[in-house]
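Just below is one structure, and these are the notes that go with it.
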Amino acid sequence: MAHKHGTGREGIQFANTEDKQEFSKYPTKAGRRSLSRSISQSSTDSYSSAASYTDSSDDETSPRDKTQVNSHGSIDFCVKNIKQAEFGRREIEIAEQDMSALISLRKRAQGEKPLAGAKIVGCTHITAQTAVLIETLVALGAQCRWTACNIYSTQNEVAAALAETGVPVFAWKGESEDDFWWCIDRCVNTEGWQANMILDDGGDLTHWVYKKYPSVFKKVRGIVEESVTGVHRLYQLSKAGRLCVPAMNVNDSVTKQKFDNLYCCRESILDGLKRTTDIMFGGKQVVVCGYGEVGKGCCTALKALGAIVCITEIDPICALQACMDGFRVVKLSEVIRQMDVVITCTGNKNVVTREQLDRMKNGCIVCNMGHSNTEIDVASLRSPELTWERVRSQVDHIIWPDGKRVVLLAEGRLLNLSCSTVPTFVLSITATTQALALIELFNAPEGRYKQDVYLLPKKMDEYVASLHLPNFDAHLTELTDEQAKYMGLNKNGPFKPNYYRY
Amino acid sequence: MAHKHGTGREGIQFANTEDKQEFSKYPTKAGRRSLSRSISQSSTDSYSSAASYTDSSDDETSPRDKTQVNSHGSIDFCVKNIKQAEFGRREIEIAEQDMSALISLRKRAQGEKPLAGAKIVGCTHITAQTAVLIETLVALGAQCRWTACNIYSTQNEVAAALAETGVPVFAWKGESEDDFWWCIDRCVNTEGWQANMILDDGGDLTHWVYKKYPSVFKKVRGIVEESVTGVHRLYQLSKAGRLCVPAMNVNDSVTKQKFDNLYCCRESILDGLKRTTDIMFGGKQVVVCGYGEVGKGCCTALKALGAIVCITEIDPICALQACMDGFRVVKLSEVIRQMDVVITCTGNKNVVTREQLDRMKNGCIVCNMGHSNTEIDVASLRSPELTWERVRSQVDHIIWPDGKRVVLLAEGRLLNLSCSTVPTFVLSITATTQALALIELFNAPEGRYKQDVYLLPKKMDEYVASLHLPNFDAHLTELTDEQAKYMGLNKNGPFKPNYYRY
Amino acid sequence: MAHKHGTGREGIQFANTEDKQEFSKYPTKAGRRSLSRSISQSSTDSYSSAASYTDSSDDETSPRDKTQVNSHGSIDFCVKNIKQAEFGRREIEIAEQDMSALISLRKRAQGEKPLAGAKIVGCTHITAQTAVLIETLVALGAQCRWTACNIYSTQNEVAAALAETGVPVFAWKGESEDDFWWCIDRCVNTEGWQANMILDDGGDLTHWVYKKYPSVFKKVRGIVEESVTGVHRLYQLSKAGRLCVPAMNVNDSVTKQKFDNLYCCRESILDGLKRTTDIMFGGKQVVVCGYGEVGKGCCTALKALGAIVCITEIDPICALQACMDGFRVVKLSEVIRQMDVVITCTGNKNVVTREQLDRMKNGCIVCNMGHSNTEIDVASLRSPELTWERVRSQVDHIIWPDGKRVVLLAEGRLLNLSCSTVPTFVLSITATTQALALIELFNAPEGRYKQDVYLLPKKMDEYVASLHLPNFDAHLTELTDEQAKYMGLNKNGPFKPNYYRY
Amino acid sequence: MAHKHGTGREGIQFANTEDKQEFSKYPTKAGRRSLSRSISQSSTDSYSSAASYTDSSDDETSPRDKTQVNSHGSIDFCVKNIKQAEFGRREIEIAEQDMSALISLRKRAQGEKPLAGAKIVGCTHITAQTAVLIETLVALGAQCRWTACNIYSTQNEVAAALAETGVPVFAWKGESEDDFWWCIDRCVNTEGWQANMILDDGGDLTHWVYKKYPSVFKKVRGIVEESVTGVHRLYQLSKAGRLCVPAMNVNDSVTKQKFDNLYCCRESILDGLKRTTDIMFGGKQVVVCGYGEVGKGCCTALKALGAIVCITEIDPICALQACMDGFRVVKLSEVIRQMDVVITCTGNKNVVTREQLDRMKNGCIVCNMGHSNTEIDVASLRSPELTWERVRSQVDHIIWPDGKRVVLLAEGRLLNLSCSTVPTFVLSITATTQALALIELFNAPEGRYKQDVYLLPKKMDEYVASLHLPNFDAHLTELTDEQAKYMGLNKNGPFKPNYYRY
């Protein structure tokens, strides 16, 4: 979810103020990916026995204070409870079923072990899906050490399962800020082992290595970074001439973008609204603010289910697309009184203002699919004349003095982060992209990549897509020699110029 | 959900065996409606504070053994805990927001009190939505006594709220079979009050009166029945010459049918699948068995979200519709190996056989939207060579000896009964239809209705629809005198012949 | 097209004034079917060589004054030019390709010749598709004599081809009123041959037999009537106790209705608008008046192509359906200023008034898909202050004094009659229905049908559908014995109760 | 139509063989735009009185041999018949109604006359829509001389109308090759007038100036080129270091691309198939080869109308999109036997081979929406064992020895070029883009543009879009100062980075 944010870690400060400055100018136009099944557990508690096992754990001792040993005798890890390994294993196995692209990658590349010799230090969400990635990297020959990029998102039982198989994992759900940096440090700073590849999600690991162990970069062949935030930091380093190894921006690959935004939002907008409000879509008047990929996904789904959708836009090109796709383009203020649902997808701030909230009709639902928690001016609702009533988890009724209620979801944070789930298939695409980027950087001949930020080569983007086609029983056509010549293409791709819009 | 069943009350026996016989021949082609938010609480536990209040109640005393008094001093009720009344009131108020048709009916009819003198005994699910109906009947002049038609579906806090305002309610969640009939009896058999109208959902109340208090029918002006099962019983009584009062079949009104089947399934199929499996719909191969209203609703939604849908049908007319609507019509056995999801919507039995289950691919999801739990041959899966693994509530993995897993939802029972919710709006249509049927029967001049089963007059069906149009800010056009004359229509309807197909 | 009219034969009077009176009260709510490729030739002139051959024929002699002989020496026919037979044959062969249901019927029933002994007199449009029907009847054993139900719709070359093979046909394009009745008379009144079955489209043939040769009815086993008008006449005769043989109303069979209205309009609305105006649909604001089957078909297609559609309705049930399907329900006057296209589908009159025409914006397109030419008040536009400019065939610009132009299509007559074509497949369904109705009536045991008007038995309706499924490579599922028993159904149908809404 | 070709001018040779060589390597992956209402007149003959006026003109004298004077006394033009001016004027006026963006541009820019001093020589199709462009340029201050880029596409009456108002036009329908170059020469080579801007469509005018009047480039401030072919030529010149003025590639602007491909094909695929075959779309099995913008447009429309669509692809990314959009991805050979319609949209050659044509079923329709006439191997069908039968204009039946017929449309040339029309709105977008490019190049400060090929600045692309929003009554939202700052955007745009995919 390139456009999504919500680390819940606002309190964490960079040690070096200068650095913080460097990044603080960035409008955090999006955030690091943080969606996974475990994160939205609140909505699925009743379904997941593994999750409830985790939740019911009332061991209050900090993992840092416990001594744990896995069944192989290793103590080089730090997780909540190594005994949860078996439960975690089952979650990983279930995830594997929907991540056949990675399994297939294991098979294809296993003979040659393209990551033999790679020592990867990773900092990502630690979920069943990430575990499938890590175990794929290991199967391809890599040694891995891992930590969490988010203090809340770790699936403890999955971390346990990884630790049990011998991957040094340092992560648990509910870390303190101090824990967070301690875990990263334990990952990087270990006797007799030095990373030569970095896989990062958000840039904190990279940041830590820069600050504490700059010499590590002498051996590092490259950084793979997934999040918008982390990518932004890398570009800033590059601009400042301080990037000392090649870096791969996997966030902007075509496949990832389309799945994270268009396709994923098409599905999650319905799910998020249903789980929170049980709304009937048919005949509802909905305004979607913003007709980018996220907005397009939302509009498609809502229209298909019988909602009457109009959009707001600042960009005339997107507005013209909306017209052609059958949506009225309006100003929010013109329609606000009639709307049953207001959804923001702009990446901007204060798209829904207090004045507009004042004019909404009774029962209007307001939520955000776009970015962080800036789009709806939620702060303006925290005023004495309004009553907040929490009616369900993630659902507040804001009550005006005249009794009018506005239904605010997830307090204006990302709806699909908070109230729906992300299909494993989407995570599979991201994980496969990361694996390929690691292989590419690790094996690239000297000189192919300089100290700069690169996009994944289109051919590898195409390869990621091709690995996922069997899920759909899709059969690709191959160019004949004659056709390839006629088109001026290599039969194995890439098939499109870089600027192709898809 | 006229087509849906699942009372969870298979153990309940009719006292009179003969009678049981009478009904047992009926294939229970559908069942009594039992969907409401509270019923599917398992899927929304984490959202509903009221519900969790109820759930956390660990008072194990039977309500029959407790003495409770409401704040007006009345003891003529029996609920779980009268102290929950305030919570129930809030649930009712929230429901009122989406049931403006009933509120509007209250206002329009309040002056004339069309139910003044009516003494209604009711037996329905007891939920916030039913409460809005009951309080509407009271506002229109009726006296009501109420009991539950299902031993599991009562929202205890709502029952408490009703009891608190003075409606004698006899119902709680988790009644025994004996409790069930005791409650009905307490409703009917009370000193100094005799019902003159019956509102039934499933026919059990009607049955009880027939058995125990047949003299009551001397005063009863009519029965309003909502469920397929109850309607079927009435038609059988009528055929047998034993129906001794007019009865109104509200199950088959156009508006109710379309909402319960086509529109509601269009929304709930997505919801049910997401909440249980987090499936991504895009590109999934789905076979829908049956292209009636339920199947049409499912197909529309799934296709719209990017699934590739084919259907099976026995009826060539429905099959031809499927073709024209863009769905391949296949035999299940031809496609079963390729399918990602199999959904039954036929009302028939053994539509998915063990042999077909054997041939499904790994990970195939199987569920039922149609009728009862007969459509999938679940019994055949309870054999020793197969392993069942419960992975979430309502989700079982059936594991074949070779490791293949089939994902069975709700053990083959109705998916949207078990795993999704019904929008209040749908319930509003049913409740309004019931209210109008009661008004019609109670006020009909002598002789208009004989001892027979009647459909709601089309004009009243149209009136129900018109009461719900303001929810959509829909503006009806009125015929001019000239136009009405040209069409040979009354300006106030009815606008269509009875056989019109909509 | 049950809802469509436009015979262009307003001048034709019934001989008997009394009779005329009888029918004149009828609001001609629909008309006789008159769509076929030949009728909309104006739109396809350039494509059809056969058609242009016909058009270029400048032989001005009346067929009645010519002596023509077919190659078998027969002179028992009257067509424009027997020499066109070969061209007509090719048109028939092309039509056969899309009418495989009739071809299949020929094969299935040919052994037993179910129409052996049938002497059918027919009065329908004479087109390639009708020819396939007639030749099917002959193949099944019938003798046929045929005439045209419309003075403009005959494809001369097809009539020639039929005459050449020995079917006595009396019809040509551009008959006078006198010719029309002369042809009917020649069909009925012939030495040594007396009809025992009547196939009528509009009721004129039936009328003529009633007036002139009532004794014919002694031998007639039944009438099959297709048009709304003809069916209405039959019901009136029946009510008046004057219907002296059984009659079959094939207009109201499910299959025919769905194809003639919903599916056919879904396709023809786009075609009709494109051929006349080259309009781009994307983003156009369209109001559709009426949300019956015709309106539903139009709305579906237009929305799918990116138009923004709202509807007007008088019936709250249809209005509620429109809401749930995602269309705003408005009054025409509220939106008329913003609309790019106005389409009427009501069956009513003066749905679009002069006042509304006055308020339309420049360039607004107005057309009728509903009924006759009454829906738009075209007469009101024929006033001196407005200028009419014919810009294309079927397209008029009405110019207001201030320069505003309204684009009126087909002068308010049926758009898809005038400006688009009807797929052969739709005609195939009607023709198959007619054939089966003839077989049923001719073979029914004495007493099954009385002197009344009957609907096609549902089982035969299902059979018509099943004959068309192979076109879609659709595979029906068969009930098992166990399933049939469970459902209480015969394995061969009928599968639904009569009131089923599909 | 960036992807479309069909100049009908294969015979025309470049004088200089070397040059020809230079371009002949180019696979003419697309062609110059040549769609407009007049071009597809064959399909609309019966509607357009103006067109028929032109057609009926049987004056066989070459315009070059006639002396004509317009009403102002000028003889500086050469058209078919100056007397047709009045008819042409009406066509122009009708076109103006749908080109309000240009009219609006006239109004906005008229005060400042941004093209005052511009002397534009143009070579484009000469149609009513082009006339609106030319007259807009004049209104903005330019002097124009014009000629046709295609020997068949000139609307004679429009050329006359332009000549009558004083624009020197040299063009008529049906020029010989010699006429073609003579007209270009007369445009460029005139006493006392030297062009300082070039507007070209296909590159022939540019070529001619290069060859004959290279000195003209000393004064020329820029070239605006619209076609793929012309743009390709310019890039080649630039690569070769021979481009001596700035050039603007308007073909690749976002707005133009989306409309020419996605949106326009969405509409024209239905239109083209209907006008040629009267096919019913519902239930048809269709395979679309290629899922680029053209394929996406075709698939969307066909699926929406009830066709069952599958696609073929060589590019795994596009294939994955197809999966997510609900289309099965297959190899053509796997499905060819079942298909009712085969549509090519690849830009490649021999996508449909003779072997596949041999395996198609009877009645299968084959057509090309992609590129030139290479996609279907039509040549392979010209073999003695197959019979060709022309059944309508643009429709051939290819008949196999066993009687099987394949329906080939437009002999494999572009379906929407040959058999449907292009909405004026699409042409308006192109024309507006051309006008803005001319203004930009003419007014750019010295040095902004070098001797290179430029894309239209995104801001102007956005401006083109914004000029077309009023057609849809679309209301853009404006950024607040705070929001613009937060996003780091200028309030007036551009709003997206160059690589944004829309």
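Each chain gets a letter, A, B, C and D, in the order it is written, and its residues are counted from 1.
The criterion applied here is as follows: a contact is a pair of C-beta atoms (placed from the backbone, for glycine too) under 8 Å apart; a residue touches a chain by one contact, two chains touch by 3 or more.
Just so it is clear, the structure is predicted and the values come from calculations on it, not from any experiment.
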{"item": "Neighbouring chains common to subunit A and subunit B, by label", "value": "C, D"}
{"item": "Given subunit A and subunit C, the chains that contact each of them", "value": "B, D"}
{"item": "Result of counting contacting C-beta pairs for B-D and C-D, higher pair", "value": "C-D"}
{"item": "Centre-of-Cα separation between subunit D and subunit A, whole angstrom", "value": "42"}
{"item": "Whole-Å gap between the CA centroids of subunit C and subunit D", "value": "40"}
{"item": "Centroid distance [mean C-alpha coordinates] between subunit D and subunit B, Å", "value": "58"}
{"item": "Overlap residues in subunit C, where contacts from two or more other chains coincide", "value": "263, 282-283, 306, 323-324, 328, 472-473"}
{"item": "List of subunit A residues in touch with subunit D within their complex", "value": "27, 29, 254-255, 257-259, 263, 293, 312-324, 328-332, 334, 347-351, 374, 461-463, 465-466, 468-469, 472-480, 482-483, 486-488, 493, 495-496, 499, 501-502"}
{"item": "Subunit A residues touching subunit B - in the complex, by the definition given at the top", "value": "37, 42-49, 94, 97-98, 263, 266-267, 270-271, 274-276, 278-283, 285, 301, 304-306, 338, 362-363, 390-395, 405, 420-426, 471-473"}
{"item": "Residue numbers on subunit C that touch subunit A, as the complex places them", "value": "282-283, 303, 306-308, 323-328"}
